[in-house]
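These notes are about the structure you will find just below.
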Amino acid sequence: MRNDAGYKNIFSGIADELNNIENIGAVAAYIPKLRDVDPNKFGAHLLTIDKQHFCFGDSSEKFSIQSIAKVLSLAMAFELEEDKLWERVGVEPSGISFNSLLQLEAGKGIPRNPLVNAGALVISDILVSRLKDPKRELIEFIKMASGNTEIAYSPAIAESEKLTGFKNAALINLMKSYGNIKNDIDTVLDFYFNLCSIEMNCKELAEAFLFLSADGVNPLNGNRVTSASKAKRINAIMQLCGFYDEAGEFAFKVGLPGKSGVGGGIIAIHPGVYSVAVWSPKLNSKGNSYRGMKILEYLTTRTESSIF
Amino acid sequence: MRNDAGYKNIFSGIADELNNIENIGAVAAYIPKLRDVDPNKFGAHLLTIDKQHFCFGDSSEKFSIQSIAKVLSLAMAFELEEDKLWERVGVEPSGISFNSLLQLEAGKGIPRNPLVNAGALVISDILVSRLKDPKRELIEFIKMASGNTEIAYSPAIAESEKLTGFKNAALINLMKSYGNIKNDIDTVLDFYFNLCSIEMNCKELAEAFLFLSADGVNPLNGNRVTSASKAKRINAIMQLCGFYDEAGEFAFKVGLPGKSGVGGGIIAIHPGVYSVAVWSPKLNSKGNSYRGMKILEYLTTRTESSIF
Amino acid sequence: MRNDAGYKNIFSGIADELNNIENIGAVAAYIPKLRDVDPNKFGAHLLTIDKQHFCFGDSSEKFSIQSIAKVLSLAMAFELEEDKLWERVGVEPSGISFNSLLQLEAGKGIPRNPLVNAGALVISDILVSRLKDPKRELIEFIKMASGNTEIAYSPAIAESEKLTGFKNAALINLMKSYGNIKNDIDTVLDFYFNLCSIEMNCKELAEAFLFLSADGVNPLNGNRVTSASKAKRINAIMQLCGFYDEAGEFAFKVGLPGKSGVGGGIIAIHPGVYSVAVWSPKLNSKGNSYRGMKILEYLTTRTESSIF
Amino acid sequence: MRNDAGYKNIFSGIADELNNIENIGAVAAYIPKLRDVDPNKFGAHLLTIDKQHFCFGDSSEKFSIQSIAKVLSLAMAFELEEDKLWERVGVEPSGISFNSLLQLEAGKGIPRNPLVNAGALVISDILVSRLKDPKRELIEFIKMASGNTEIAYSPAIAESEKLTGFKNAALINLMKSYGNIKNDIDTVLDFYFNLCSIEMNCKELAEAFLFLSADGVNPLNGNRVTSASKAKRINAIMQLCGFYDEAGEFAFKVGLPGKSGVGGGIIAIHPGVYSVAVWSPKLNSKGNSYRGMKILEYLTTRTESSIF
C-alpha cells in the first residue's frame, strides 16, 4: 500500500487517530522559547522520493528542531572526515539517558555515538576544525541539502541554551580532559548551541532529510548530499541511536530510522520510499514526543510497511 | 542486483574474499565441544524467499548455534504471551557486555531485551510455565518453523554448559530475587542450557529463520510461524540487540537484523528478500564471529542492499 | 568522663532520650522470624574492659544478630589465613547498597570487604575449606571468644534465609564464575545462612566482642582471641565498612568502629575502653537500626569521647 | 610507648626503614611544578600536643600540599555553615577514583564527601558566598590555625592547574546543572585552584593540623580553630574519605585519620597525641604517596598505637 491514494487516505485518518491519543507528557521547559510553545500544536508532513507531499495540521509552522539537527552536522562531518570520524566517536546505542557522563568516562572520552550530546559536541569540534566559517558553512550545507534558502539559526534560542547549558559544558570539559576536543571550548559550544537552535516546519524538515531516503541525493533539487553508502550508514546510526534510551521501542513500534528533538519534532526515514516529519511538543519520560511516536506507529501500521 | 545470477556471482567471490581476511580472534573455550572445533571452518548459506539456495564452504556441517536459538524461543513465547511478554522483558539494547548483572540490578530484575542471557532466561521461564513438556514442544516448534525434522538438542553440550554456567545461575537467582522468575531455578536453567545446545548447519539455520524474511510464513512449507507484525518486531529486536555491545557496528557495516552465537554462527535477515547464515568459529573481542561479520559486510556491500 | 559513675548516669538517661526519638523505619520483613519481632523492643548493654556492666531495657532478650556475626567469622578466618586472606577480599568501603553485584563484577569477583554479603560468603568459603566440621567449629570459636557456652544457631532462621536467599545465591554464583569460591555452592550457602542465624542478647553481644576493645584478649576469661594487631585491623574494617552505605554517617555521628545487622542490633567498640551493644528492630532506609544509631550517638556525645 | 624517648628512637630508625622501601610509583606529571620535583625527596615531621617536635630528612623543604588543603577549607566552611553544610555535601566514602563524575550524577549533584574534588568545589563555592575576600580570608584562617604567617598560595601552581583543569571544570559544571553551585564558575574555580596551590613543609603542615589532635585548639598558640565536636567529625571524615579509593587500606595499615595530596604529602592525626606530616613525591596507583604510606605504617607499628 505504498501508492499515493493510500497515503492520502492515511493522512486523512490522522485527525481521528489524534482524538484517541491523550496529549500527555510535558513540554521541555529549560528555556523560554520551548516552554512557551502551545502544547496542543500538531503537525505532520510526508514526502515521497517521487516528490508527492502529504500534510496535516500545523505542518507549516516553524519549531525548534533541536537534536534532529545533529544528523545534518553528522552528514557534513562524515563527508569531510570519511572513516577517520569513527576514531573519535562510536556507533553504539548509549543505553542510558541522553546526557549521562558515566559512559563517556568509561569510554575514556569517546562518546558512544554521534547523536548523543557528547557525540554531537565531538562532531561540532570536527566541523570547527575543518571549516573556515563553521556556522555559515553548516547552514549553507543544510540549504544545499534541502534546497531551501530560508533555513536559519535562532539567535534567541542559541543564547538561551548557552545560559543553561551546564551539562553540555560538563561533557565537553570531560572530553577535553581526555584529549578528544581540539578547539577552544567556548567556540565549540557556541557552534553547538547554534546547531541546536535551527528552526524548521514539518515540510522543511521532511525536505531536508529526503536525501537519506534516496541514496544520498535530494530528488527535489538533484543535489548529491552524501554517497549511497554513507546515507545507509547514517540511517543505521539513527535506527540504533536516534531516540536516547527508547531506540528499541521506536524500532519495535515504528520500525524506521529516525531522530527526535526536545522541541517535540521527529524525523523518520523509509529508505527508498519517503521521509516523514511530525511535531507535537509534549515529551514522554524518555524525552521523545509522545504523540509524535504514536502517529508514526499509526502510519507504519496503516501502511503495513517498515524496514523490518 | 537482487537477482539469482547476482547472488551466484557474489558467492563465488567468497573464496577470494576470505583470502584477504586474516582468521583472527579466539574460539570460545569454556566448554570442550566449542573449544575443540576446527577454527578454520567456514560456511555460508543464503536462501531467498523464492527458495533459491546459494552456499559456500562448510555450510552443511553442524555446529552449536548457541544464542542464535534465543530468537526462536522468543518467537514461540511471543506467540503464546502476546504483548504481556513485554511486562517482563524490555526491547532496548544493553549497551554493555552480554551477561552483565549491572543493568539487571538497575532494572529491578527486568532484563533489557530477550536476546541477552537474562532476557532469554525470562523467556525460558515463560515457556516452562506455558508448556506441558517444554523441551519437547520447543523442538517441535522449531521443526515446524523450519520444516526440518532432524533438528535436536545436544545433551553433551547442555551438560557442559550446566557445569560452567555460574554466571547464568547468578543472573537467574538475581531475577528470582526480584520476582521475575516464576518456576524452579534448576528447571528453567535445564531448559535454557538445552535451548543453547541446539546444533544446525548453515543451510538448516537459513531455513529455520526464513519465516522472518517472509512476513512470518516459511515459504518452504507454507507454515505460518508468527504474524507479519510479530516478524517485523522480532527483526527490530535483532537489529537493536542481536550483537551484544556491537549491535551498532553490525547495523553500520552490514545493515541487516541478525543474531550471533558464541559457536561462531550468525544469522541475518533481509526482510522480503532472503535469510543468510554464516559460520566461522573464531570470535572477536565482543564475542561475535570475526570472519562471519566480515563476509556479511562483503555480501551487503556487493549486493548494494541493506534495510537502510 | 570515662568513670563508672559517668556511664551509670548516662545509662539512666537513655529512657528520657528514647522518649525524644520517634521509633520510625521498618522492621526487616523478608523472613517470618524477623518480621514478627515486636518493633518497640529496645535494649542496650555496655561492658568496660575492667568488666563493669551497664544495661538498659530489653538487654537480656535474644535477637537475631544477623550480619554482626560476619565480624566473628572474619576474626576466625583471619587467624587461620593471616594476610593471604586479603588476596580474596578487599578492605575498602563499598559505597553502595550492601548486596550490589555491580562492584563485584567490576572487581572481577573480589568483594570490596569482608563485611558485605559477598565478602562474608568468601570468608565462609575459606572456613569451609579450612575446617573439618565448619559449623560446629565456628560456634566453638565464638563460645571461646565470648566465654559463653549458650550461643547457638537458630535452625528456623537459617532455613528461612535459605528459602529467600536468591540474591546471596546470585552473589556466590557470580564469584564462583570468577573462581573466587572453591567449595560447593550449597555447602557454603548453608554455612553462611547458619552464621547469619545466630541469636544473642545485648549482654552476650557486648561480651562476645569485648576482645576487640582489649587488644585481642577477652578480659572476662583471659582468652586470646586474636593478636593486638589483628584486633586493630578488624576494628579499622568495621569503621570503614560496618554500616553499608552509611559508614561515613556512623563515623561522623558516633565515632566508633561498629557493625549492624538487619535484626536491628549494633555492636560498637571503643578500643581500650568498652564494647557496647544496642538493639531496636526498626531499620532506617540504609538498613541500619534507626534508634540504635541515635542512642549510640547520644552515648558518645554524653561521654564526650570517640576514637576521633 | 608514647613518650618522647620512644618517638626519638623511632624517628632515628626511619633512615634504615627507607633503605628497605623501594622508591616506586610515579610523580604527578600534569603540571610542571609537580613534574619537576626531585622524586627522591623524603621528609617527616611529628608534633605532639605537648609541643615536642621530631623530624627527619627534607622536612623543612616546601612542597605543594595540594588536596591536603581541602581539610582546612572544610574546617573553615564548617565553622561558618554549621550543620547546614551537610545539605550540600555527604560524608560517605566515594569508593571509586577521586574525580569520577559517575557518583556525582547518581547523587544528583551532591558530592559524596568534602574531600573528593567535587566536594571541595562545593566547599569552595560556600566560602566564595560567605567571605568578602575569599582567597585572602582563607589564607588568614590558615595562618591563624597554624600560627604561621609565612603560608602563601603559589600563583604559578594555581595558574598551571587552571590550564589543565578540565575535569574539575566538568565536575563544577555538572554540579551547577543540578543547582549545587551558587556562584560564577570561574570565580569558584579560581578560588579552588589557589586552595590547591598552597605550599608548606612538613613542619608547617604538622603545625597547621595540630588543632585536629587537640580538640580544636592549636596548643602552639592557644587559638581555638574549631569546636572539639567539629574536630572529631573532621577526623572521622578524613578517616573514611581521605585517601580516595584507598581509605580502607590506610585505616587497615596505618590506623589514623589522614589526608594525602598528589604532591606526595600526607598528614595524619592521632587524636589527643600528635599530628604527623610526611612527604615523598612518588605516588602509588591510587594516587597516594608510596613511601609516605609505608613510613606511617612503620610509625604506628613501632609505637604500637593507632586509634583502633
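As written, the chain order gives the labels A, B, C and D, with residue 1 at the start of each chain.
Basically, a contact is a pair of C-beta atoms (placed from the backbone, for glycine too) under 8 Å apart; a residue touches a chain by one contact, two chains touch by 3 or more.
In this text, all values refer to a predicted model and were calculated from it rather than measured experimentally.
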item	value
Common touching chains of subunit B and subunit A	none
Distance-maximising chain from subunit D - centres being C-alpha averages	B
Euclidean distance of C-alpha centroids - subunit B vs subunit C, Å	48
Centroid spacing, where centroids are CA-atom means, of subunit A and subunit C in whole angstrom	55
Multi-chain contact sites of subunit D, meaning residues that touch two or more partners	none
Contact graph of the chains (line, ring, star, complete, other)	ring
Which pairs of chains touch, using the document's own definition	A-B, A-D, B-C, C-D
Contact footprint of subunit A on subunit B as seen in their complex	90-96, 103, 112-113, 228-229, 231-233, 235-237, 239-241, 245-249, 251-252, 255, 257, 271, 301, 304, 306-308
Interface residues, subunit B side, partner subunit C - complex	100-102, 105, 166-167, 169-171, 173-174, 176-177
